[in-house]
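Should a chain be cited, it is by its letter among A, B, C, D, E and F, assigned in written order, with residues numbered from 1 in that chain.
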Amino acid sequence: MTIFVVNPNSSDVVTAGIDRAMEPLRAVSPAPIAAIQLDEGPKGIETQAHVDGVVGPLLKRAAALENEASAFVVACFSDPGLAALREQSRRPVLGIAESAILTAMSVGQRFGVLSILQRSVPRHMRMFGAMGVMDRLAADLPLELGVADLADETRTFGRLQEVGRTLSDAHGADVLILGCAGMTRFRAALEDALERPVIEPCQAAAAMAIGRVALARAQQNQGDNR
Amino acid sequence: MTIFVVNPNSSDVVTAGIDRAMEPLRAVSPAPIAAIQLDEGPKGIETQAHVDGVVGPLLKRAAALENEASAFVVACFSDPGLAALREQSRRPVLGIAESAILTAMSVGQRFGVLSILQRSVPRHMRMFGAMGVMDRLAADLPLELGVADLADETRTFGRLQEVGRTLSDAHGADVLILGCAGMTRFRAALEDALERPVIEPCQAAAAMAIGRVALARAQQNQGDNR
Amino acid sequence: MTIFVVNPNSSDVVTAGIDRAMEPLRAVSPAPIAAIQLDEGPKGIETQAHVDGVVGPLLKRAAALENEASAFVVACFSDPGLAALREQSRRPVLGIAESAILTAMSVGQRFGVLSILQRSVPRHMRMFGAMGVMDRLAADLPLELGVADLADETRTFGRLQEVGRTLSDAHGADVLILGCAGMTRFRAALEDALERPVIEPCQAAAAMAIGRVALARAQQNQGDNR
Amino acid sequence: MTIFVVNPNSSDVVTAGIDRAMEPLRAVSPAPIAAIQLDEGPKGIETQAHVDGVVGPLLKRAAALENEASAFVVACFSDPGLAALREQSRRPVLGIAESAILTAMSVGQRFGVLSILQRSVPRHMRMFGAMGVMDRLAADLPLELGVADLADETRTFGRLQEVGRTLSDAHGADVLILGCAGMTRFRAALEDALERPVIEPCQAAAAMAIGRVALARAQQNQGDNR
Amino acid sequence: MTIFVVNPNSSDVVTAGIDRAMEPLRAVSPAPIAAIQLDEGPKGIETQAHVDGVVGPLLKRAAALENEASAFVVACFSDPGLAALREQSRRPVLGIAESAILTAMSVGQRFGVLSILQRSVPRHMRMFGAMGVMDRLAADLPLELGVADLADETRTFGRLQEVGRTLSDAHGADVLILGCAGMTRFRAALEDALERPVIEPCQAAAAMAIGRVALARAQQNQGDNR
Amino acid sequence: MTIFVVNPNSSDVVTAGIDRAMEPLRAVSPAPIAAIQLDEGPKGIETQAHVDGVVGPLLKRAAALENEASAFVVACFSDPGLAALREQSRRPVLGIAESAILTAMSVGQRFGVLSILQRSVPRHMRMFGAMGVMDRLAADLPLELGVADLADETRTFGRLQEVGRTLSDAHGADVLILGCAGMTRFRAALEDALERPVIEPCQAAAAMAIGRVALARAQQNQGDNR
């Protein structure tokens, strides 16, 4: 019984990054954690069409894995298919955006989100509104970095610090969320630099999944004892 | 240049009903109104998976029609693909749920929604939250009628009145919205019975589309005159 | 049967501007559109007292026009008398602020408002609160231009761009609303400059009125066929 | 220097009732309290047109009294002209609805409102929304009593208890507000019957005015001492 | 390194119940779970004074345990001292109310809370407001059972079903939360009876703590590898 | 019968400052106003632990004073023990933060708060959320001044003006609140400098207490006359 962390895009690089982000959690997880990807997905999820388009393949893949799954984590910050997968599966289903936000809500009072691109911000806002957590949002600001810039770690980290400071100082964020699946490597250093907790969404969601798998097993055992 | 009202399911009966609902609007529309359906869609849209699943076919169909379209209306009360189609198309894009709510917001202070099934209510609540209009919602209550019941018009109308009265009297709705695409024929009688405005979402969305097509043309002409 | 766009102030210049803003819509409207003014109104609506003070004359004028009206549009960004006129009239009644906001809600996720003066902002905030749409508001910022400045088109347009950029970049607005009745001539150019949709409220309201008149006629015809 | 409690309608009976409601406060007020009425007002304020219509006369009357006023209280539960009078006057200006709500917010967590008529409820909802206090509202329910019923004290009190119990038990109100200016005589008995604090809005507003007059004088004296 | 689940009251019976609720989680936890109590606490936490009064002893006890703690769970549905303990401790700190709500937010759209007593409801409402989750709340309804009633399991379960049905049917809750620390034994049966997920807050919080301990260890290891 | 303004910290300097702030109100108060302090309290209330820690001593002191009290004012901007004292006492209980906010809500549309330290801002945000007034908040910004800086009046006043201008100009505050108990001496000058009303919370709360004492006496007399 495995926790499946599903990267809904088809980028091997992203999936490998998610897999590395899972590595330190494996030692403490009650179930194996597998990072998988949707080969039908786009190279990157950048538009609402991408978000909606991966739901079908995600549901299909999850259905095939249902019997070996202890939980599913949808590993894209737009949480594609989260509601649909919850309707389909009997397992705990977590999304990395939702989990990062719920985690942030138990760490600070107002969360700031560091998004890659401006055009994903309205999509995030719809998601925050559907979650009913607008009063906890400080702001969601884009790094506005292109692919070449993102390849440059120094530049990316500089921009993360810059936007992170704006989120804290001008918008009052006391906890920050990395608004995409591929920035695990910057988390600890950014936390040190900003002196604010920084939440990496894949790990936050996997951690919640670990808790929920523990809970499901506990309740199952409990059921046996009734 | 046509206003395409797209029924995202593949039910000829539903599409024919939408077409009839459009009939009285055609005389006053600045553009032809065509009711079409997605043959790839399910017979009815009942789950979140259905909602997400029709987005791909919807986008494809709309892309093919882009050059002959003056506007698109997505004719399912879950507004599937609304955000994605707005990103894709240069035309006005309306959803029947969103349009019904925006119309209701200019008619009364708190709207009540008459849904068919309980299980669609959480999906609607996410949508209302994403729209940021929870303070205007009185309640969304299900008729909880099965297919056989819905075939019985007297029974359906009785239930519409019953739930409509609960929405007005117990929840304070001063305007009511029919929460699905296929109930045009009950609108006027329900309005008379409840003594509250009742909004039929397909017509409300088509009416908004008529306005937006008029606006787009006006601005285009204006552009020419600059 | 005419759509009456009522400028509640007594400025011939403003009324003429509204009339010009209506011009391109006339070709696509199912009813004539007449721009009229309240001669009892002040030269400009600048205070809450002005807003409340024009309601009586507005209601009186509308009552006299009721039988020849297919709809009323209140053409002042404070929507004076909107609720009262809705109670009085059997016709669709639209306000330019409300209509601009409802239109913006179907175009972008967070709207920014470009107001003329700081002192009207609290009045707008009460209106947005009454509408229950605070979660969709990015910000409402004043141009803070005096009468002489407004007469200088270059200066006004420069300030519109400047404040518009602040609304988009610092406050996250993805759709902008011109927060007064007399700026139609800047709309298209501002949209081009800011690369964001810009909504002119008089035209947005007239467009919604066109849709609503179409809807009312359709439902009336439908009623005949019952 | 007098606290003017302005009944915006022209009913001598209502004004006399307000005057009696002020009586017990006079002994503890730092300024005389005068209940006055607007002879230009309607016999009762029942529609939005009435609300807007009394603003002009209210402002005029208040302007004439400005120099002898220490504060103004607008004594109608729709708070007509509140914002306009605040713009006009240099004195503290309180409305009975706003004051009752602010008082309730320091007494319980969710307030319930007992309105006379259903048709005033949407008007109240706009006001609560403009105040930004929807999350503190339990419900606003009408007594739905006609003039003849209201003349019957036993019947009115019975209905107050009935609706008050619905507000507490079904809607979770832990503090109740009498939603009109003329029910002072029922307050104490209703509080006893419902075992919940009941706020009479005229007295609540006058009490807030007493505090604000005290504050204004204190700050004036303080200013002298700077 | 232990997860300390701190019952802030001094009831051995309650602490033993919490300990039993932890039992099935122990097999899947990466750290031992100890249920402890505050002997300085009252027998039961029933008033706001109780809530505030246990914070001092809680902080003192937690400070003494800091070095052997991997996380703290505050096991009272009013989450006493949650914010203060978060300021004091370097460990993850979870409250059972907050955790139950965050868990519910990833399971359903609107949560209903089953409280023991009416008088705790306003306290809960302040907590939900501070969490910014009012739009996700269906309702919080009291069982209104006295001590003798609670001792009668059949009666308690009957009342849980009754109030649970009201929460689902009349208030639209699609996930239910047991609003006190001592009802673990009813969870599974209530879930079966209501056909809605039912969340037991102590287990939900311990499960979240398990996830957070896993996350903290993972990030610590990760830190070592930087 | 006295209005007790309770400084929950043990700083004689702060208590003396509060006492001076009360001085100008004494002439217009229907009851004596006494500023007292909790000798068990910390020198200053800077953490959530301080806030929670003073509740016990506050309740004890208030209980001892109950029979000579006409009202209690809790004089710390975190309103420690407000809900608990309301449950305990039969007298009106006001907090200076809550009172300042309720007063601000009847003076302007969006309030800005000038806090001393960044770390108190999340605590304030929880309080504003619990009050349900987030839509009225412009922003809460820290002066971020240390003890030495605060001793320098010129520097403090300079910083108050600077942050006050940011609150008005960048965040749209039209009324400002001094977010701590010890800044009475700057109020009038800051109001002049910013041309916005500035509310001093101790005086605002005492003024509300004066009103509420007047109301309680009035209702008591009224009761006698029933």
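We adopt the following convention: a contact is a pair of C-beta atoms (placed from the backbone, for glycine too) under 8 Å apart; a residue touches a chain by one contact, two chains touch by 3 or more.
Which chain is which protein? Per UniProt: A, B, C, D, E, F = Asp/Glu/hydantoin racemase.
Quick caveat, the model's predicted, so the values are computed rather than measured.
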Length of the shortest touching-chain route, subunit B (Asp/Glu/hydantoin racemase) through to subunit F (Asp/Glu/hydantoin racemase): 2
For subunit A (Asp/Glu/hydantoin racemase) and subunit F (Asp/Glu/hydantoin racemase), chains touching each: C, E
A-C against A-E, pair bridged by the larger set of C-beta contacts: A-E
Fitted rotation between subunit D (Asp/Glu/hydantoin racemase) and its twin subunit E (Asp/Glu/hydantoin racemase) in degrees, CA, nearest 5: 120
Interface composition of copies subunit B (Asp/Glu/hydantoin racemase) and subunit D (Asp/Glu/hydantoin racemase): same or different, split at half: different
Duplicate of the C-F contact set - from A-F, C-D or A-E, the pair where over half of the pairs recur: A-F
Centre-to-centre distance between subunit B (Asp/Glu/hydantoin racemase) and subunit A (Asp/Glu/hydantoin racemase) (centres being mean Cα positions), rounded to whole Å: 32
Centre-to-centre distance between subunit D (Asp/Glu/hydantoin racemase) and subunit A (Asp/Glu/hydantoin racemase) (centres being mean Cα positions), rounded to whole Å: 50
Whole-Å gap separating subunit D (Asp/Glu/hydantoin racemase) and subunit F (Asp/Glu/hydantoin racemase), where each centre is the average of the chain's CA atoms: 25
In subunit A (Asp/Glu/hydantoin racemase), residues with contacts to at least two other chains: 86, 122, 126, 129, 131-132, 134-135
Which pairs of chains touch, using the document's own definition: A-B, A-C, A-E, A-F, B-C, B-D, B-E, C-D, C-F, D-E, D-F, E-F
Interfacial residue positions of subunit B (Asp/Glu/hydantoin racemase) with respect to subunit A (Asp/Glu/hydantoin racemase) in the complex: 47-49, 51-53, 55-56, 59, 80-81, 83-84, 86-88, 123, 126-127, 129-132, 134
In the complex, subunit B (Asp/Glu/hydantoin racemase) residues that touch subunit E (Asp/Glu/hydantoin racemase): 121-122, 125-126, 129, 134, 139-140
Complex interface listing, subunit C (Asp/Glu/hydantoin racemase) residues touching subunit B (Asp/Glu/hydantoin racemase): 24-25, 27-30, 86, 94, 98-99, 102-103, 105-107, 131-136, 187-189, 203-204, 206-215, 217-219, 221-223, 226
Subunit F (Asp/Glu/hydantoin racemase) partner contacts - residues on subunit A (Asp/Glu/hydantoin racemase) that touch it in the complex: 108-110, 135, 172, 174
